[in-house]
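First, the structure itself, so that you have it in front of you.
As written, the chain order gives the labels A, B, C, D, E and F, with residue 1 at the start of each chain.
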Amino acid sequence: MRSRYTDYIREDIGSGDVTSELLVPPRRRASGRIIAEEQCVLAGAVEAFSVFEELGAEATEVVKEGTRAEKGDVVMTVKGSARALLSGERLALNFLMRMSGIATLTNDLLHRCRKINPKVRIAATRKTTPGFRQFEKRAVSIGGGDTHRFGLDDAILIKDNHIAIAGGIREALRSARQAASFTKKIEIEVGTVDDALTAVEEGADIIMLDNLAPEEGEKVAREVRSANPMTVIEVSGGIRPDNIEAYASFADIISLGWLTHSVRSIDFSMDIVPE
Amino acid sequence: MRSRYTDYIREDIGSGDVTSELLVPPRRRASGRIIAEEQCVLAGAVEAFSVFEELGAEATEVVKEGTRAEKGDVVMTVKGSARALLSGERLALNFLMRMSGIATLTNDLLHRCRKINPKVRIAATRKTTPGFRQFEKRAVSIGGGDTHRFGLDDAILIKDNHIAIAGGIREALRSARQAASFTKKIEIEVGTVDDALTAVEEGADIIMLDNLAPEEGEKVAREVRSANPMTVIEVSGGIRPDNIEAYASFADIISLGWLTHSVRSIDFSMDIVPE
Amino acid sequence: MRSRYTDYIREDIGSGDVTSELLVPPRRRASGRIIAEEQCVLAGAVEAFSVFEELGAEATEVVKEGTRAEKGDVVMTVKGSARALLSGERLALNFLMRMSGIATLTNDLLHRCRKINPKVRIAATRKTTPGFRQFEKRAVSIGGGDTHRFGLDDAILIKDNHIAIAGGIREALRSARQAASFTKKIEIEVGTVDDALTAVEEGADIIMLDNLAPEEGEKVAREVRSANPMTVIEVSGGIRPDNIEAYASFADIISLGWLTHSVRSIDFSMDIVPE
Amino acid sequence: MRSRYTDYIREDIGSGDVTSELLVPPRRRASGRIIAEEQCVLAGAVEAFSVFEELGAEATEVVKEGTRAEKGDVVMTVKGSARALLSGERLALNFLMRMSGIATLTNDLLHRCRKINPKVRIAATRKTTPGFRQFEKRAVSIGGGDTHRFGLDDAILIKDNHIAIAGGIREALRSARQAASFTKKIEIEVGTVDDALTAVEEGADIIMLDNLAPEEGEKVAREVRSANPMTVIEVSGGIRPDNIEAYASFADIISLGWLTHSVRSIDFSMDIVPE
Amino acid sequence: MRSRYTDYIREDIGSGDVTSELLVPPRRRASGRIIAEEQCVLAGAVEAFSVFEELGAEATEVVKEGTRAEKGDVVMTVKGSARALLSGERLALNFLMRMSGIATLTNDLLHRCRKINPKVRIAATRKTTPGFRQFEKRAVSIGGGDTHRFGLDDAILIKDNHIAIAGGIREALRSARQAASFTKKIEIEVGTVDDALTAVEEGADIIMLDNLAPEEGEKVAREVRSANPMTVIEVSGGIRPDNIEAYASFADIISLGWLTHSVRSIDFSMDIVPE
Amino acid sequence: MRSRYTDYIREDIGSGDVTSELLVPPRRRASGRIIAEEQCVLAGAVEAFSVFEELGAEATEVVKEGTRAEKGDVVMTVKGSARALLSGERLALNFLMRMSGIATLTNDLLHRCRKINPKVRIAATRKTTPGFRQFEKRAVSIGGGDTHRFGLDDAILIKDNHIAIAGGIREALRSARQAASFTKKIEIEVGTVDDALTAVEEGADIIMLDNLAPEEGEKVAREVRSANPMTVIEVSGGIRPDNIEAYASFADIISLGWLTHSVRSIDFSMDIVPE
């Protein structure tokens, strides 16, 4: 893992933090505090710790990941060489800002939806920033969400393009059940009641209702549940913070790319005091 | 560069795209079209091309990066093995969505500010997603913005923490001018008219007004310009799409983290048709 | 993927193939044939192709992966610079030997067990050579086996150490079902009928009978099936080519590390003829 | 080296050890013991140590590499976070199993052959698992064997293909002696007494008798020794545990791929006890 | 950074330091002293420290980087395992030899030129050893020189080829000023007084006089200074230790590739004493 | 190999060749010629080719590596996008300059020494630039020199520190002969006639006379040859272009670090003409 942070630090520092090298004596020590500039569910603290550790500084937890920080709260403190603090500041904050943005939104949507259906789950998608997925998924998880697949190797998810090539829902599911490892769940995307019932018949573990309006989705869900109450029902496609509650009553899982691709960052700042 | 895309593809595919391997014959060929689901300034097409190329498929430009695509426009087409198209789809779209989101917002803000001050520049900051900065900066540039520093090695930027350690603005600038390479510009953050004038006197190339209200900023800017009309004036801190125009009249450069940390993605989709 | 082969080639060539550089003119061209020295199910051909391609030579398939080659069969031919053929020979053969060894054994065991139970699956484990797992799993798959988990991120598999820490089978399964992503199957290791029935009750998708003698295993399997016929039953631990058939009648899945950790390689040779 | 282990750990853990993350509290500590399930010459302990160290746990040697462990012996103990132990278990055992399998077989063959010829050496070949050669060669060495060449850059070894291209044994050896670095030994493969004597005349340091039956080999060896008693004689090709002793009386070196490509792993297990 | 040293160590050690492994017991400890065999400005000590640290040994500074060491001075001491000292010796010395060579020459030239013009700077170029630039630039800096650009991303430097393509000096500078980030300085290469004056007019920050004889250079410099005293004047091309002083009186910056591409190394040796 | 060039290109280009991106249209094509500015033995052309190939341009050989180029000779031509040529120029020249410098000096020294002793070899050492050894050794080889060991894994070379720890020359050589692979030569450093004769007795393949004055060296060499005419004699230590001929009459091998650590680069330039 360590090597990963080396790369991120190199992205920001390049051939050197020229300003700090010019103005800050190499052995000068300092301490710093990272402050939440808005209310949030804290995420990214583990990554911020790793950044400072990689630079030889030492960070101490004040607010635990996954709990709420209020505006003005110190969320962690750091001690070490002044150069390390100045060089790591931006990268540590970048982790905190984006990851706390994701965790906070996930948590807010989860609370809103759980009022309607206490068992519903909010899930992320693969619509993540290239190279940064593990952190965005982790932030969703810290916010109380479900990470969904980490990648294409994680579970079978049969989409319309696959169905078209396989020659139909029945054919696709039969091939998948026969050839897939027994360790994998099989999920399939459907758009109509008939397709959904075929999928249930062929043993799909999860049915994804893609881009259905809430009323339609509800109807399909009802039929699926009466055919097999163990089948998991996921809704996906076109779901946003402003329409998510309409899906909460009938879905097991609501997945939305918004959590990772259109989230607003939470503002954090860092004070550095030379010793 | 190529190796970079290998890593991104590996992030999504992991040990294998199990669904496509089960359902899509290895030699089956297909063609695809990528469609903008909303109006936007297109960015990320070069990256999407590289994803497909890395997977052995061939993409063709329809809309040029940096130009507007309308809702429903096909922005590029792809041909190759069906597996390659299915495996590369999500990653290619992830590049397009995020980068076009950034380019579109940058371009919108630039147009709004240029109506007020035809010479003003909109610039990004280092508040970027770890590991993804080069793409976010490139998207800003495609949208007509200024990339600002790529990292800490790019230019001297003296912030309050540096000033405190160096013992004052005058001392910090003198040290910097003496020790920095002659190839680097020197920028300094100031908060008052006095500090700004000291900075001009000591030869700062750029003055950054950090977190000043527009009226205050304007006042400092006026004094700086009368002291040295060549000094570049940047405003930064707390600038958002909803307050940016208040800074446009008096600044040379308006920089805002929002462009890269809180942007909403543009929606794209991909149609795949087996041959 | 390409970069992977570069590393393998570098492992064998180091600072240079000194013999070929001394004795083979750089532009001398040659052709080669790879021959199976014993009957086998061919695997590793894709990797052998990649080795030669990476070195700038061109390989042509004669025998398809997954089919039987007889002793003496040419399985592929290669054309290119004599140096490339000589430098790639050992590495290409190393892939073929080990992977065909695995595929052949997997296939043999599968045939023997399917005579007893036409639905049984033979699966690999994570007892693989460090760094080489993807190839060993692929060879199992080519031989008709099930790859099982690729790694610890692939599915939930609760072993006795986890159960001890979680405070019992019931507690472990409840925690797992609540916190795991809905995309993951949950498997648990059990040793007695009671534990197996508790696991079924708590919704385990797969029950692993670890290190049970065939008679005991059969008894547990019978009880599990009468409690829930959908639960998948895997046997594992202490299974070898010489005792595997005793498990075939009652298990859904037989997994054995032997496939990847104690397999005998198949012998291949390569003829090179300078043009 | 450290980075190497990071890669191996990543191969097994991927995006996370989901089971342990769900069921084992992050600060829970545990201790573990690794036990040999059969008699063996221990190898791979240094690698197992590195795996646990990389994960932040601490291992303590009980049995020294290169010495015999009896069935049931604890070979090392480990202390650390329960998650680290659970996540590192499989990888550490995979190193021990394969490397101890190789060291044990090497040692057994060496003892058998030394009874016949107390000066004979048993050597590995380049028939190793791609990417894993350094560990397999090290295991051979721990078992008392000779590592032979690590790669194509290590020594000159002229095979029939090289001879054919160079235009004969005499020509090949002359070119090699003239152009090779003075730091390299020169070995050549021969099949007849005449070729062997030519090679001796042209100053080959080592003669390799490839795929000769024992009686033929012995005859060639006798002639070579009477021509130049300093020339080293290696036999190779088709040598297996069941026919190796036939070569021991007359060869200096017996090399066989079997040591690394067809070895049976030694069984080890790990007990983990939460504190 | 650490990973970088791992690569350098691997370059020298490859599959193992066979001599030390054969002759030095693994736990044998030793201490060492590194001695300057000629007078020099010490550079590369930080790198030498990192080499030993990476190998688990501990180095202690005796002479500070950037100060003069006399012939026979111990510049650092090392303690650790004898194998670590023997394995790291050559690499540590290679850093010291080359980097001290560069720092010493830079410092000598600087002193000679500063006698003529106390404000002149001596700068490196991009004529560095591939892969080793950061160290060579750092050595220049330790010697009192200016690093100049680290790479093509560091500053705008418009050369004749660019001017030809852009259609003239005026056009090139206008395009550059309009499109370049405001954080970058703009430098342009000129050969005549007219071109230089055009460049000044168009706002070039730095004028590079390439390959001009000293008298010509001086004439251009005089005109540039009278047009704009703020413009920085760099001379480059064909400058060697034996002609550099001819440029010192009129240039702000003298850059020469010689510092990094033709420097003579300083001789260092290492004593190792087993404990 | 390709990946290696990607790293070198990234070292020079960083986040982008800002000048060319500003001033050169992306599809503008150009051709270039690389010219030797002094007489030399050409080396580094393969590397220069790889640089341009990696950037998508195409280079054509004019002068062959290892042959003499005269001042003013075009040594290769290049065609491709103007940006690729401009971005690759410096790196390609850096390879050519340093490697041709090494090849030329090696060749000159070889010619001078061969006049005295037609069988003597000139060899490099491990005193190379960290990370760049393979290229420097290759340049020595192109110039007609012997590469000597590529690293510590290449051959046994017993130095005084090893002898001290092993307890004497006799003990060190016995241990080495017993434990080293039969594929390795054994070399030992000696300083007196007695030590040299002990080394010969104990079967050293090569005797290195370190830091001996020519007369002393000659005396030791005479004794060694009369004891065993097959033993190879290398002289090393303190050898420079100005004293090398004094060793040529009696040594088999003369090795000197100067070839790689203190060589003067050969000057090359590149003309670029837009099409």
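Brief remarks follow.
Methods note: a residue touches a chain if its C-beta (ideal position, glycine included) is under 8 Å from a C-beta of that chain, and two chains touch if they have at least 3 such contacts.
Just so you know, these numbers come straight off a predicted model, no measurement behind them.
Superposition of chain A on chain E using C-alpha atoms only gives a rotation of 120 degrees, nearest 5.
More inter-chain C-beta contacts link the pair A-B than the other of A-C and A-B.
In summary, the interface at B-E recurs among the listed pairs A-B, C-D or A-C; the equivalent pair, sharing over half of its contacts by residue number, is A-C. Computed centre separation for the pair chain A/chain D is 45 angstrom, with centres defined by C-alpha atoms. The centroid of the Cα atoms in chain E and the matching centroid in chain F are 22 Å apart.
A separation of 32 Å divides the Cα centre of chain D from that of chain F. Within chain B, residues 3, 14-15, 150-151, 153-155, 181, 184 each touch two or more of the remaining chains. Contact residues on chain E toward chain B in their complex (touch as defined above): 121, 123, 146-150, 153-155, 181-185, 187, 206, 232, 234, 252-253.
Every residue of chain F that touches chain E in the complex is listed here, in rising order: 7-8, 11-20, 22-25, 28, 30, 47, 82, 86-87, 90-91, 93-95, 97-98, 101, 126-133, 135, 150-159, 161-162, 164-166, 172, 175-176, 179-181, 184, 257, 261-265, 272, 274.
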